[in-house]
C-alpha cells in the first residue's frame, strides 16, 4: 500500500539552520526579532513595546531597532486565516488601560449558537457539547485582526517588515542569534534576475518564532535543539469562503457528520463552521484531518459538497462569494508540544508551538496569550541585565505557560483528538468521557500517527463532489484567484517534494491540495508517475508538509492576499 | 539633480476592485498600492540620482493614508515625500489634479519631473501633458529609454510608427513607460529607514489651488451612469466537421477583423 | 453640436483614428477637421470624404516635429477663433498629450478612453469602459468646450463622399512649446507587433500538446499580421517565453481578435484577455470554461482547424 511518508522530501529541517554569513554592512542588527506578524507575534511585539515605553533604560540597550517583526505576506493579515470565534480576554489584557473592547476589530459577541449532526438530507440539532459553548466570545476575522495588531505594534515602536520571508535560523555557538531573510528576484532556475536583492542576516539578542502552522524555522529549531514532543505533530486542513448574504445569520453554527464518513478506516475527522460577520457577511468553512485515507479526499471539494446541504443553502443561497482561503491547523495538542518552549536566544509562541485547542476550536487567543507571556519573560530577562541567550534565561516563559489557564485547558483535552482515530462514534463516546471527567479519564497518552503515514486507498470519494457552476460551487483555480493570489511565476519552486512517486501518492496530493498545485504527470513504469507542480498557485496552507513534502517560504510577498478570512 | 516623481495610490489589484454605486467613483477603500508604472518612474529617478547625485522627491495627491504607499517608494531609495491631501480635492478631474500637482511641483523647483505612463485606475492617464502646460515646460511621453545630462534629457519615445528620439532642456517633464526598466525590490534597510524620511503633507491652499476649482465641485467632467458591459451577443458554437476553419474565417471577415 | 476634430496624418495620408471620430462628430452636428504640420493643407481636403464640411490647416515650421505642445498652441488659437462646442481626438501617443495639454490650456474638461459618443437631451455624452472592461461608464461635461479622446480603433471611418473647404490659419507659439526637439526618427519594420499593441493575437495553451504546437500558431499569426500569446501553464513548462504570457500574472491585452487554441479558460487567463473584441476558442473539450465566455466556440481538434485556417487566410490575401 502506498503511503506519502515513504516519499520524504529531498530536504531536512536542518537545511534551514546556519551561522550568520553577512559582513557588518549587509547585516541588520535589531534587539528582539519576531518571525510572523500573526496574533502571537504581534501580541509579543505589542506587549514588549508597551514595557519598553515604560522602561526607556531597557529600551536603550536594544539599539536603534528594539523590536522587528518579519512577515512573509504582502502585509500583516495576508496569510492569516481562521474561523474565528475568539475568547476576548487575552486581547483585553493586552490592551488594558489603552483601548476599550469597542476599539477592537470584532463583529461583536456570539449572538447564539447551534450545533448539528448532519446526514445527507437532515440536520439533527444537538445541545452544544461543553467544549463548544461560546458564550461571551467574539466573532472576528483573524486577517483583519492581524492588520489591526500590526498598526498597534507600530504605534508602540515595533517595526513590521512585510514581504520579508525568514528562510534560515541563525545559530552560533549553540545559541539562536537571529534569522536570515530570503532572496528576492531569482528566476525559475534560481538564477539572479536584474532585480535580484539578496536576503540579509537579521541579528538579534532574542528571536521569537511565531510562524503559525507548519512553522518553517520552528521545525528547524525543534530539530536543532532536540525539542521534539512525545507525540508526532498532526494537522487538519481548513478551507473556507466568505459570502455576502441576503439575510443576516443571527447565530453561529457548527456541524459534524455528513459529508464526512464515520467509519475509522476512512480517517475522516472534522466538521464545519458557519459564522456571521456582521449583518452582511457570513463565513463558512470545513476542517478535516489530514489522515484521511481516500486518495480523492479533498477538503475544498468536501466544502463544496457541504454547501449543497439544505441547511447551508438556506444561509448562502442567493448570495455572492467574496473570498476563499485555506490553511492547516495544528492538531496534536498537549502531547505534541515541544519539550520546552525556549532555547538559548529563542522562544516559541502560538500555533507554531502547538498551542491549539482542537475540541474547542480555539487557538487565536492562546497565540495572543503566549505572545504576551513571551514578551514579559523576555522583558524580565532584559531588565535583570541578563544575557538572554544564556541557557535558562528564558525559562520563566515556560513557567508562565505552565501556570496559565490555557495550559490546564490543553491538558484536559490532551487525548480528545486522538480518540477520533477510532471513528466518529467511538471517538465521540471517548470524548464525552473525557469531557465529563475533565480529562482525568481515560488517562494515559493516546498516540498520534503522522498524517503522511496513513495508507492510501480508493473508495470513490470524488464521485460525491458536486460539479462547479461558477456561482455557488467553485473549482480550485477560481478559488485561488479569489484568495487574491497573484504570485510571481518566474521564481524558483518553494515546494520540496519528490517528483517521481507511486501513483496513489501523486493522486492524493492532487486532490489534497486546495490550490491545485500538484497534478499527476506521466507514467514512468513500475507503478510510478511524475508529479507536475505549479508553485505559483500555492496559498501556503501547509498541507503538503503534513503529507510527505515540505512547504518552504517563497519570495516575500508571494501567496494569498487575504483580507477577510 | 533634483528629480520629482509624481506618484499615485491606486486600489490594489485584488479581486474586489469595484465602482461604488453610490458615488459612481472607484471604491478606494481597499488596501492601496502605488500605480505599478509609477514604480518604473521611481526606479528611473533613482538610477539618475545614483549616476549624478541629487535628490528624489515623491509628489502625490491623495488621502492621508496614501502616505503608506509613499513609504514603499521611500524604501526603494527616494529621499522625501510630499503629499497634497485635502478633503476638497476628492473627486478632482484631470485639471484639478494637474493644478494641485503643478502647484506642489512649483514649490519643489525640480530639474526633472517624472511620471509613470499608465494608470491602473484610469484616473491618471495623460496627466503629464496637462501638468507640463501649467508649468510651461517641455514634455516627452511614452519614454522607453532616458538619458539625463546636467542641463537636458534625451528620451527614446515609442510611437505607433517606431521611435522618436527627443531632447528637451531642463527643467522638463517626462512620462516613462513600463518598458524602461525593472523596478528594484526595496532592501530591508531601505524599508526600515523609510519611516524616518521626511514626509510633508500640504493642503490645496499651500499649493495655490482655490478649493472651488478642485474636487468634485470644480470638476469639468462628470460621471452620469454605470452599466454592465453589453453582453457579448449570441455565441456561435461550431462542432468541427472539417468546415470549422472556413466558418471562423467567414465570421472574422464579416466582423471586419481582417 | 459644433465640433472640431483633430486629424493626424502620416506620409501624406490622414490617419484612420481621427477619421473615425470625424464620422461620428458629423453624425452629431457640424464637424470641422483640423490638420497640423508639414503638408497639412495638401492632405486636409481628403477629410471631406469622411464627414468634414470644413478643414482648418496650419503648416507652420514649429509644427513640423511630432511633438504635442506647439499643437496645443495652434488648437487653442483655433478654438478661440471658432468657438466649437467640442474638440475631439482619436487617441494616439501624440494626440493624447495634445488633448491633455489643451484641456489645461483652456481650463476645459477632458474625458478619455471613450468608445462612443452620443447626444442625450441635447447634451454630449461619452461612453467608456472601466475596471478592465468589466463596467461601462457614461460620462459628460459640465461646461464647454468639451474635450474628448476616443480609444484607438473604437470608431471606424465612414466614407460618405463629399468635399471640404480647406482654410489655413496662423498662430503664435508659446516660448516653451518648441524647447523639445526631435533628434532622430526611426521607423520600425518589426517582425510583427508585440502582444500589447497587436490587433490580433493567436494564443496557445496546454491543449497544444507540445512546444512544437507553437510553430503552427506562429504561422497563423503571421498570416493574420498578429502576435502570438501563451498561457501561464505553457510558459511554466518552458514552451514559450514569459514575455508572451497573457493573464493575471502576465500581460493584459484587448486586441480586436483573440484566437485561443487549446486554452481551457481558467480565470487567471481570462482576466488577461476578457476585454478582447472577438474571442474565438478552439478546444477539443466541450466543457472547457472558455466556452462560457467566447464569441465563437469551436469544439474540435486544433491540429486540424488551425492549419486549415492559416491556409484559408493566406489564400484570401
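Going in written order, the chains are labelled A, B and C, and every chain counts its residues from 1.
Assume contacts are C-beta pairs under 8 Å (C-beta built on N, C-alpha and C of every residue); 3 or more make two chains touch, one makes a residue touch a chain.
Here the structure is a predicted model, which is why all the values come from computation and not from measurement.
Undergrad: So which one's got more C-beta contacts, A-C or B-C?
TA: B-C
Undergrad: Can you tell me which chain is nearest the middle of the complex, judged by mean CA position?
TA: B
Undergrad: Rounded to a whole Å, what is the gap between the Cα centroids of chain A and chain B?
TA: Roughly 38 Å separates the two chain centres.
Undergrad: Between chain A and chain C, what is the gap in Å from one C-alpha centre to the other?
TA: Centre-to-centre distance between chain A and chain C: 49 Å.
Undergrad: When the centre of a chain is set as the mean of its C-alpha atoms, what distance in Å lies between chain B and chain C?
TA: Spacing between the chain centres: roughly 20 Å.
Undergrad: When you check chain C against every other chain, which residues touch at least two of them?
TA: none
Undergrad: Residues of chain A that touch two or more other chains: which are they?
TA: Where chain A meets two or more other chains at a single residue, that happens at 481, 486.
Undergrad: Would you pick out the residues of chain B that each touch at least 2 other chains?
TA: Residue numbers touching two or more other chains: none in chain B.
Undergrad: For the complex, which residues does chain A have touching chain B?
TA: 28, 65, 68, 75, 159, 161, 164, 181, 184-185, 193-195, 197, 199-200, 202, 322-323, 481-482, 484, 486, 561, 563
Undergrad: Any idea which chain A residues touch chain C in the complex?
TA: 470, 477-478, 480-481, 486-490, 534, 536
Undergrad: Taking the touch rule as given, give the residues of chain B at its contact with chain C in the complex, in rising order.
TA: 17-19, 24, 26, 93-95, 98, 122, 125-134, 136-142, 154, 157-169, 172, 219-230, 232-233, 235-240, 242, 244-246, 248-249, 251-253, 255-258
Undergrad: Of all residues in chain C, which touch chain B in the complex?
TA: Chain C residues touching chain B: 10, 66-69, 72, 92-94, 96-101, 103-105, 107-113, 125, 129-143, 149, 156, 174-176, 179-188, 197, 199-200, 224, 256-257, 277-280, 282, 291, 293-301, 304-306, 308-309, 311-313, 316.
Undergrad: Tell me, which parts of chain B touch chain A in their complex?
TA: That would be residues 12-16, 30-31, 182-185, 187-189, 191-192, 195 of chain B.
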